[in-house]
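Here come two complexes built around subunit A, the first alongside subunit B, the second alongside subunit C.
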Partner chain A sequence: MIKLTRIDDRLVHGQVAFTWTPALGIDCLLVANDKVAKDDFQKMALGLAKPSGVKLLIKSVPDAITWLNDTRSANHKILLLVNSVKDVMALSNEVAEIQSINFGGIRGKEGAVSISKAISVTEEDTAIIRELLKKGIELEVRQVPTDNKQMIENLL
Partner chain B sequence: MLLSFILITLIAVLGHSEDFLGTTLLSRPLVLGPLVGWVLGDLHLGIIIGGTLELIFMGNIKVGAAIPPDVITGGVLGTAFAILSGKGAAIALALAIPISILAEMLLSALFVSRSVFNKQFIAYAECGNYRGIQRLHILSGLLKPLLMGLITFLALQLGAGVMKSFLDSIPAWVNTGLQVAGNMLPALGFALLMNLMFNKRVAPYFFLGFMLAAYLKLPVIAIGGFGLIIALLVTQGKGSGAEEEEEDFEGEDGASAGAHGLDRPASKLNRRDIRRLFTRSLALEANFNFETWQNTGFAFAIIPALKKLYTTKDSMSKALKRHLQFFNTSPYGSTLILGITAAMEEQNSLDPDFDSESINAVKTGLMGPLAGVFDSLFWGTFKVIAAGVGTSLAIKGNILGAILFLLIFNVPHLLLRYNLTFTGYKAGTRFLQSLAKSHVMDKLTYGASILGLMVVGAMPATLISIRTPLSIGGRDSGVGLQGILDQIVPSIIPLGLTFLVYYFVKIHIKTTYLLLGLLVLGFVGSISHVFA
Partner chain C sequence: MRKFLIATHGALAKGAQSSLDIIIGATDHVFIIQAYLDGNKSIEAELLAVMEQVSPSDELVIFSDLLGGSVNNQILKFALRENVHVVSGFNLPLLIEVILSDASSPIVEIIGSAIERAKEQIVYVNNLMTIRPNEDEDD
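The block that comes next holds the complex of A and B.
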């Protein structure tokens, strides 16, 4: 069961390991990212940040989709982590369970505008966000669980 | 009076300068409270107010861009107003909470607007002007202490008189109610901590801590000692980490990354240069902003090394631009990344074939995960123990509270931070790989959570006092309910209240509502003589 789907370009870090994981009783962190899945160094680093007693899975986006749609994943309380709006779109197209997406952190880059303290989006991102909204998926901004939810549609 | 206002302003400035001083927690109310009390001639009250405020703001932690209420401004002003008008901790609390929430909004605005300097930083980097970058990092960093100092001073100068007559007009029953309500608020702090640390696996340790405190009346420091021993015993036993198979992790040797920072042919950086990475890392957060976060702090720290490694304008400019990219990690472990980065920069300067892209790849690859490790360790364990021990002494008016608080947190912090600089430089990423393979991190985080949670468990029993004056039976011949409770489970009321608030936190009730709810409960309980 997916307890939270989060976009965070630092993937597993303090907010994830130290606030979200305990607050939601997560027992499995699933990082869905094609690049990281092939990068041993990144995998090693993420493994260090894994909170004790929690399983860490690092899969490519297609593999993550397969795993999430497999019955094996049903017994876990999953925090699904991606680092881009694009990846979350791919996941939500294939995994019906994703009905709400948490925007945790997307750093500013060339051509991106800041819509919230820790969130910057490009025009391409905005187009995807509108599509997700059209599908009726909840898109909320919170860095840590005790923040108040801000809805993306009010920030664009 | 003007002199004491100026001194109090300087205390606020000191608190806000913490970002230059290694995030050493000297900004906490536990530390600043006694300073304000001392300036105003009532050190004792300052200590108690500081301890009380610390309890309530205990669960407010700073991770990433999640900015908690500005307890520096709120705490300093609340303490000052309360002492100036001859009131106690309850009034300080009632003032500190709204002030810190207002001040937090101002700080957020500052962190947003600081981004305007980023263009100037890049312009300096373009022409290799590292001096410009250092200067702007410091100047922009000074904005926070100066701005908040100015606000503190204005609030004192303009508000002290009004505040006194306002506080004097508050009727006595409100004061009593506030006191009882104030005694309840720490439950919110504990509940927020539990929200981060409590789970089924480690729950017994929470109750162990509670029982040691409630029945055996052990002081928090002794419980911390027991916690440490138990954590060591539990993590030494084999298989205690309950490690699963980790199916998706097999077969990685990390050979591709093993080369970073090793086998250097010659070395341009000496011990002194590495030590400077550590000293400069203390100002990592000085220019925190919401666009690029700690980037200029990282550049500021590594500039002395870059100066030695790159002598041409072009190579310097490239290096500066590299380190002005987005960066954010836990300050407590930042030196590990600085050390690794310095080793890679050194290699880059020696070897023309070195892939300079890999420097940022390693930096950005490590900043998130290491923030996870060090934030948990420092906020979840060291800060909790330090605050537990510190507040338990401070609420009794003992100045040792503030001193032990700083020592318990900073002795391990600074030792680790200093040594990690050298570890990072010498062993590079290989150090991390051996950590990852040995599962030592898992044991460490598990042990740390046991230790932290035992201290949290002790808190409801030692740090809040909520008692009931109710009695069972007739008015005169009745038996005090509290006396009966004390014989069965001492501190059951604080424990119950903590769990009640924890439950509300779990079902996502907003912190502000919980705060108000506790205030109302305290007031009503006090007026109806259910609580005292």
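The block that comes next holds the complex of A and C.
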């Protein structure tokens, strides 16, 4: 089962390994990203960042959808990690279990506006966010589990 | 209540606290002492000020930078108190693990296992960098 779906453009890093993983009793980190799934160097780098005792799966977005909808994933406590709003939309369209999405970190870039300390969004992101909200999915901003949830609709 | 003190030569303590703020979020009950930033003064008064905020029913875990350093040496006399625990040579993984640990678990066990795990974090990364394609096991 999916314990948390998180958008974080650093994917696996300190906050994920040291706070979310123990706080939620995660036993499987699933990185859903088309580019990383094809990049052996990035896969190796994420492997080094993985906390011990936790399984790390790195799949393309379509493969992640297939795996999440398969009974094989049911016994895992999964932290699903994506690095963009676009990818999370693709996943939430196909995986009914995703009813809440954590916005952990999206760094600023050209054309993006900052809506909280760790989250910057483009116009395209905002359009997708509004669609997700229309579907009734909870969108909350927290870097670490002890932060107070900020609802994204109050930040746009 | 469990309280923490990071005590170092110079500004390492504040830097460590800044890293903790980023990785695990703001933490309560973490004191810092930065020795000799401001001349060659003893940290005695600062230590006493921290101790005043630690009641007999509290536990205090002190992280110092160097075993045998003057900071740790000045801390030693407080380590005789039953509710004070001193760990020297801390690193960031150790701080994270101890500070995030369950407050109801015994501190002696937490410190023991956190030290073992923190040692495992000191690795020669180059030796780990072996790229293995198609390693994704599925079930």
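Here are a few things to note about the model shown:
In this section, the second predicted complex is superposed on the first by the 156 of 156 C-alpha atoms of A that agree within 3 Å, B and C clash if a C-alpha of one lies under 4 Å from a C-alpha of the other, contacts with A are read in each partner's own complex, and residues count from 1 in each chain.
Simple rule for what comes next: a contact is a pair of C-beta atoms (placed from the backbone, for glycine too) under 8 Å apart; a residue touches a chain by one contact, two chains touch by 3 or more.
What you see is a predicted model; the values in this text were computed from it and never measured.
With both structures placed on the common chain, the touch criterion links A:108 to subunit B but leaves subunit C unconnected. By the document's definition of touching, of the two partners only subunit B reaches A:148; subunit C does not.
Once the two complexes are laid over each other on the shared chain, residue contacts for A:72 go to subunit C alone; subunit B is not touched. Which of subunit B and subunit C touches more residues of subunit A is settled by the count: it is B.
Touch criterion met: A:49 reaches subunit B, while subunit C stays clear of it.
In the superposition on chain A, contact is made by A:11 with subunit B only, not with subunit C. Subunit A residues in contact with subunit B (one complex) as well as with subunit C (other complex) are 14-15, 18-19, 22, 40-41, 43-44, 48, 52, 57-59, 143-147. The touching residues of subunit A, when paired with subunit B in their complex, are 10-19, 22-23, 25, 39-53, 55-59, 105, 107-108, 114, 117-118, 120, 143-148. Residues 22-25, 93, 96-97, 100, 117, 120, 125, 128-133, 135-136, 138-139 of subunit C are the ones touching subunit A in the complex. Every residue of subunit B that touches subunit A in the complex is listed here, in rising order: 63-66, 108, 111-112, 192, 195-199, 201, 241-242, 244, 246, 248-249, 252-257, 290-293, 326, 328-330, 361-362, 365-376, 379-380, 429, 432-433, 435-436, 441-443, 445-446, 449, 505-506, 508, 510-511. Partner subunit C is touched in their complex by these residues of subunit A: 14-15, 18-19, 22, 40-41, 43-44, 48, 52, 57-59, 67, 72, 143-147.
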